[in-house]
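Quick heads-up: structures coming right below.
Below, subunit A partners subunit B and then partners subunit C, in two separate complexes.
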Partner chain A sequence: MKILLTIALRNIREHKVKTTIIGLIMAIGIMVLVVGNSFMDSAAAGIERYYIQNYTGHLMITGQSRGQLTLFGFQDMTAMERAVPRIPQYAEVVEFANSLPYVETINPQVSATAMVSRGDKMLGATQLFGVVPEQYQVMFPDNVELLEGDFWEPGSQGMLLNKAVADRMEKHVGFTFKPGDKVLFTSASTVSGMRIREAEITGIFEFRQSNVQLDMVSLMDISNVRALAGMVVGHAEPAELSPEEQAFLGTIDEESIFDSFDSLFAPTQVEEEVAGDDYWFSLLGDTESRDLSNVEDTGAWQYLLIRLTDEKYLRQAQADFAEFFSEQNIAAQTRDWLQGAGAMAELSYGIKNIFNGVVFIIAIVAIIIIMNTLVISVTERMGEIGTMRAIGAQKSFVRRMVMWETLLLSGIAGTTGVLLGALVLFILNRVGLEASNMFLEIIYGGPVLRPELSMSSVLTSFVVILIVGIVSSTYPTAIVMKTSPLKAMESSR
Partner chain B sequence: MKKIQFIAAVVLCILVAGFAAQAQDFSHIEAILESLDAQSRFDGLDFSSVLTMIVEDPDKGIEKMVVRQFRRDDGERFLLLIQEPVTEKGQGYLLEGDNLWFYDPSSRQFAHTSLKETFQDSDARNADFGSNSYSSSYEVEGYLEGTLGNFEVYIIDLKAVDDTVPFPYTKIWVTKDTSLVLKTEEYSLTYRLMRTGLFPKYTKVGDVVIPVQMIFVDELVEGQKTQIAVSEISVSPIPDHVFTKAYIERVNR
Partner chain C sequence: MAIVELENVKKVYTLGKAEVHAVRGVSFSIEKGDFASIVGPSGSGKSTILNLIGCIDQPTEGVVSINGTRTEGLKDKALTTLRHETLGFIFQSFNLIPVLNVYENIEFPLLLGKNRPGKKGIKEWIEFLVEAVGLADHMHHKSNELSGGQRQRVAIARALATKPEIVLADEPTANLDSKTGQSIIELMKKMNSELNTTFIFSTHDRTIMEIADHVIELLDGLIVEDSKRSVEAGSIS
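Let's look at the complex of A and B:
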């Protein structure tokens, strides 16, 4: 062993130029791997951290539903067609959540999309998060930067208008929103039709870290958002249909509809009697039942966001909640932060995967170059190896000698590459990579990325370089071993 | 050789010009569109009816809405007053010329809305409740002749000329003999089919022809559709105050 190491070290020293070239290639390859993987890990961790800390918590509880339900509502083709389900037996769910030792804090929310108007002018759209300020600020203490005004008072109504939303709308109307202004919000709920609510702007804010999707979000008192989301105590009774009304239910065959008769005209009785005032002013009849049906369902929530004391409890939390829902027969489910975060976070992850693919291809190219260089290096020493074998060196001895040489070289070059990579990452971390456009902001998970050295990328890089070293020395050694010592010695002349 | 080339070029030009002229001659189709618009307008008459809407939703099941419709086409006015379901009772849509207002009795507020928007949670659009505007809002892109069930029809491709209509492209099936729209297909800007409309029953009120049965199929959500039946048709005069915001507020008290 000692002899082998001595010979291996001597050989490395003897072939200084070759060693330097191969070592440099290996070091650069490792540096690329370390920087690339660390960059991607930092971006992924950044996206995860900033969503968990600022918007989603670790876990989101919702009513049971199919489809892609996020904190912004459904994000698929049926987004406008379906209401976000309420969390059934909300009080019990909260009680259970609070009883779990690893639950740090919880925050209930309701979401709605509304058109904003003022007077006769439709100004644009905003996503509304209905929150209780006291709970919201405990859960997400650092995500809101108040530019003007403040949250509405406990128990009262109001809204914080997102600066990005305000900027977009101000362009259309030529005035500046300020606290105290009142605006109308109109939403289309699948439960209670269209709803209008007037709310006073109590403050203008921006999210400290935002993206295109979050730039659409304003915060509003829960009462108004519940009304806009159609969360009232009343519900539609099952429809009783006449035989004529049932005629076109289900799938219809267009051709047969127009096949079954010759005339398109139906006999109709047209009334011409003039009605008096009594008729016109009593058209709706009693409206008391309507008013009772439209009372706010004060116990209704769509989301319960949960922050854990440590991310390591995530799986346990999911399992505990699943068991609780099953035992109590509650039609609710948990979703992790990524499911809750919506399209932009998923897009960030998608793009990250594409970049991982690019890094992987670069790594493959680096590996091929390293392997090729090592193959040339070993075959060039055919004469030397032939001589060693001619004077009695065993095949296994030669194999181990080449292997140790490669491992030593890989170790030195790998360490150099990691150190170089760490230096590059240190500089990038200090400088900070600013996202100059929306695309980069999506990848970075925010406006600035400060990449950090990731241990997993260091370990991966070392494993890769060792495997490359072993594989790329085994192949040429096998060729050399098949050659007779005499031929090998002749080839060196 | 040059002579042959010259003659060939002239023949080609004549053929292209001929085809182009033929392709652009949509005057009889445009006349049909004008008659569709004219026969849908209650000029000099008020019109009221009850619309029963059956909304089929694959998630929520079947819902029924009852809406009172008041129309005065002179001045482009209409009022749609929802009577059922109870949670939406009293909500109203008031069209005053170019302005469409929505009223929510739960907050006693009016807000601007658009004819292009969906009517409540149905597959109908607010624009479906007024008179037609095929000749003014669309231009003819082409047409075919065909049949739909027992009826011979023109299948006309239309392209919107302004943004006042809900969809930028529409295809309509119009009976050749009676000029009635039997079917519509409405497309997005990317020419994706968004909605299919079927109009199997009509009625005549004076010179006006209105569909009394309509089916709107949402082509994005399988199983989602809305059928509308028109009943209690009346052409008796409607007081002016009905087409005002004050009336909607008062009737909701």
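Let's look at the complex of A and C:
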């Protein structure tokens, strides 16, 4: 072992050109890997921290549903065609959540998308989070920065308009929103139809930690958002029918209800005696049905956001809630913060995967270059290796010798790369990387990224360099193994 | 008892489409303790025979027995073990490991096998060998810091490190001036006498050949003379 290390170390020292070429490739590769991975880890940690602390909590409970349900609603092709499900047996779910020792705080929420208009001018769209200010501020105490006005009074209605939303709209209409202004919000979906609500702006705010998706979000009283989301007492959700009920309905078709299509054009017999005005006014004046369809379902929530005392309880919490839902037969489910965070957070993670793919390609290129250099190096030393074999070195000894040499070189170059990477990261951390555009903001998980050296990136780098080292030495070792001691010695003459 | 025995050994090399008959059917035996010389002009098959005895090449036909072990059919691992435990090599171009110093080069074969002697034993033995080959002052020099003669002395010490029964030397003086070559042969003879190690060396130098007590003369891959004679130790010391 000692002799292997001695030979390996001295060969590295003696063959300066080879050492420099391979060492540089490896060191630069590792530096890129460390910086890139730390960068991505920092961005991911940033995204996680910002989202958990500012928008999502660790966990969100929703009604059971398929598809990509986020805090912004469904983020797939079905978004307009189905309502975000309510949390069934909400009170029991809340009671259970509060009974768990690792649950720090909870915050119920409802989400809706609405067009904003004032007078006859359509100003643009905004995403609305329907919240209870007291609970929302306990859950996310740091993220709402009030620029003007304040939250609406408890029990009353109102909205906080996001400055980013206001800025976009103001560009179109040429006036400045201020607290006290009233605006109309219109939502539409194939499920709940079109709904219009007027709300008073009680304040203008901005999210301290924001991104392009959150720049669309304004906060509104729960009552108005429920109405815009179609969460009213008269709200009808698709009914699950028993086979008997379906069989019964099967005998009724549209024609039997509306008669045939031709009947629409059939001559109508007008009776002489028509109803008088009193009759029609009595019909139109009866708004009981319409009023019923607008009565807010006060116990209805789409999301229950949960912040845990520590992220380590995330899996336990998911398991406990799943068991509770199963035992109580509640059609609800948990989604972790990443699922709740929506497309932007997922996109950041997607970009990380792309980066890992690029790293994989770089590693393969590095393997090929290093392998070629090692082949040349080993060929140069055929005589030396042949001598060793002649005087009694087994193939395994030579294999280990080449391997040790590569691993030592990889280790030295890898450590150099890590140190260089750490230096680059230290500088980047001090300087801070500002996101100059939306794309970078998505990658950074916020407006400024201060990357830190992550241990996982260091470990990953050493694992990669180890694999690169082992794989690169495989081919040259195979060449040596195939060569007889005699040929090896002859080749050196 | 013969320590090396060759029975009708032939070796044919393929050189492109042509076949080169390097050894055409050679039989001889070398006794333990012999100081044997294989002589002949270039291309006579000296190096090929040494390579066959050294188990770094295999005969096309015939049997090579080393210390009673027939080498044909042995796997690489067994051949390597045989080389390590029974044979020592001295090469024409010295073939020292360039990154190791004198001490480490001599020590190297001792670190290869499974039955390694203790550290203290190794140190004392290497110091004895270094002293014996007259390189006590160059113990920590690397091969590129030594002259040709000094390098060959290191190679002799290395060949003797594992206390092999046979030492093979392929033209050990070819790259040395005549005076140094003479001293190297005398050193080998001294080791042969003191350690009773069998030495087999190839040469085309007739003056060096005179020191050998067993001379096998080759021409075009065949033995033309196989003679043994008594050489008084006193005359070469």
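Basically, the second predicted complex is superposed on the first by the 418 of 493 C-alpha atoms of A that agree within 3 Å, B and C clash if a C-alpha of one lies under 4 Å from a C-alpha of the other, contacts with A are read in each partner's own complex, and residues count from 1 in each chain.
Note that a contact is a pair of C-beta atoms (placed from the backbone, for glycine too) under 8 Å apart; a residue touches a chain by one contact, two chains touch by 3 or more.
Source: prediction; values computed, not measured.
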*Mind working out whether A:195 is in touch with subunit B, subunit C, both or neither, as first, second, both or neither?*
first
*Which of the two partners, first being subunit B and second being subunit C, lies in contact with A:122: first, second, both, or neither?*
first
_Touched subunit A residues, subunit B compared with subunit C_ = B
*Touch check for A:186: first (subunit B), second (subunit C), both, or neither?*
first
*asked:* According to the stated criteria, A:227 is in contact with first (subunit B), second (subunit C), both, or neither; which is it?
replied: first
_Touch test for A:154: subunit B only (first), subunit C only (second), both, or neither?_
neither
*Given the touch rule stated above, what does A:389 touch, subunit B (first), subunit C (second), both, or neither?*
second
*Quick one: classify A:101 as touching subunit B (first), subunit C (second), both or neither.*
neither
*Common interface residues of subunit A with subunit B and subunit C?*
none
*Using the touch definition up top, name the residues of subunit C that touch subunit A in the complex.*
51, 54, 56-57, 76-77, 80-81, 83-85, 88-89, 91, 93, 95, 97-100, 104, 107-109, 111-113, 158-159, 162
*Okay, in this complex, where on subunit B does subunit A touch?*
52, 54, 56-57, 59-64, 68, 81-83, 85-91, 99, 102-107, 109-114, 117-118, 120-121, 148-151, 175, 178, 180, 182-183, 196, 198, 200-205, 212-213, 215, 217-218, 220-221, 224-225, 227, 229, 232-237, 239, 241-242, 247, 250-253
*asked:* Applying the document's contact rule, which stretches of subunit A touch subunit B when the two form their complex?
replied: 77-78, 80-82, 115, 117, 120-122, 184, 186, 188-198, 227, 230, 232, 234-241, 244-245, 248-250, 252, 254-262, 264-275, 277, 280-284, 287, 289-291, 293-294
_Touching residues of subunit A toward subunit C in the complex: what are they?_
2-3, 6-7, 10-11, 13-14, 383-384, 387-395, 397, 484-486, 489, 492-493
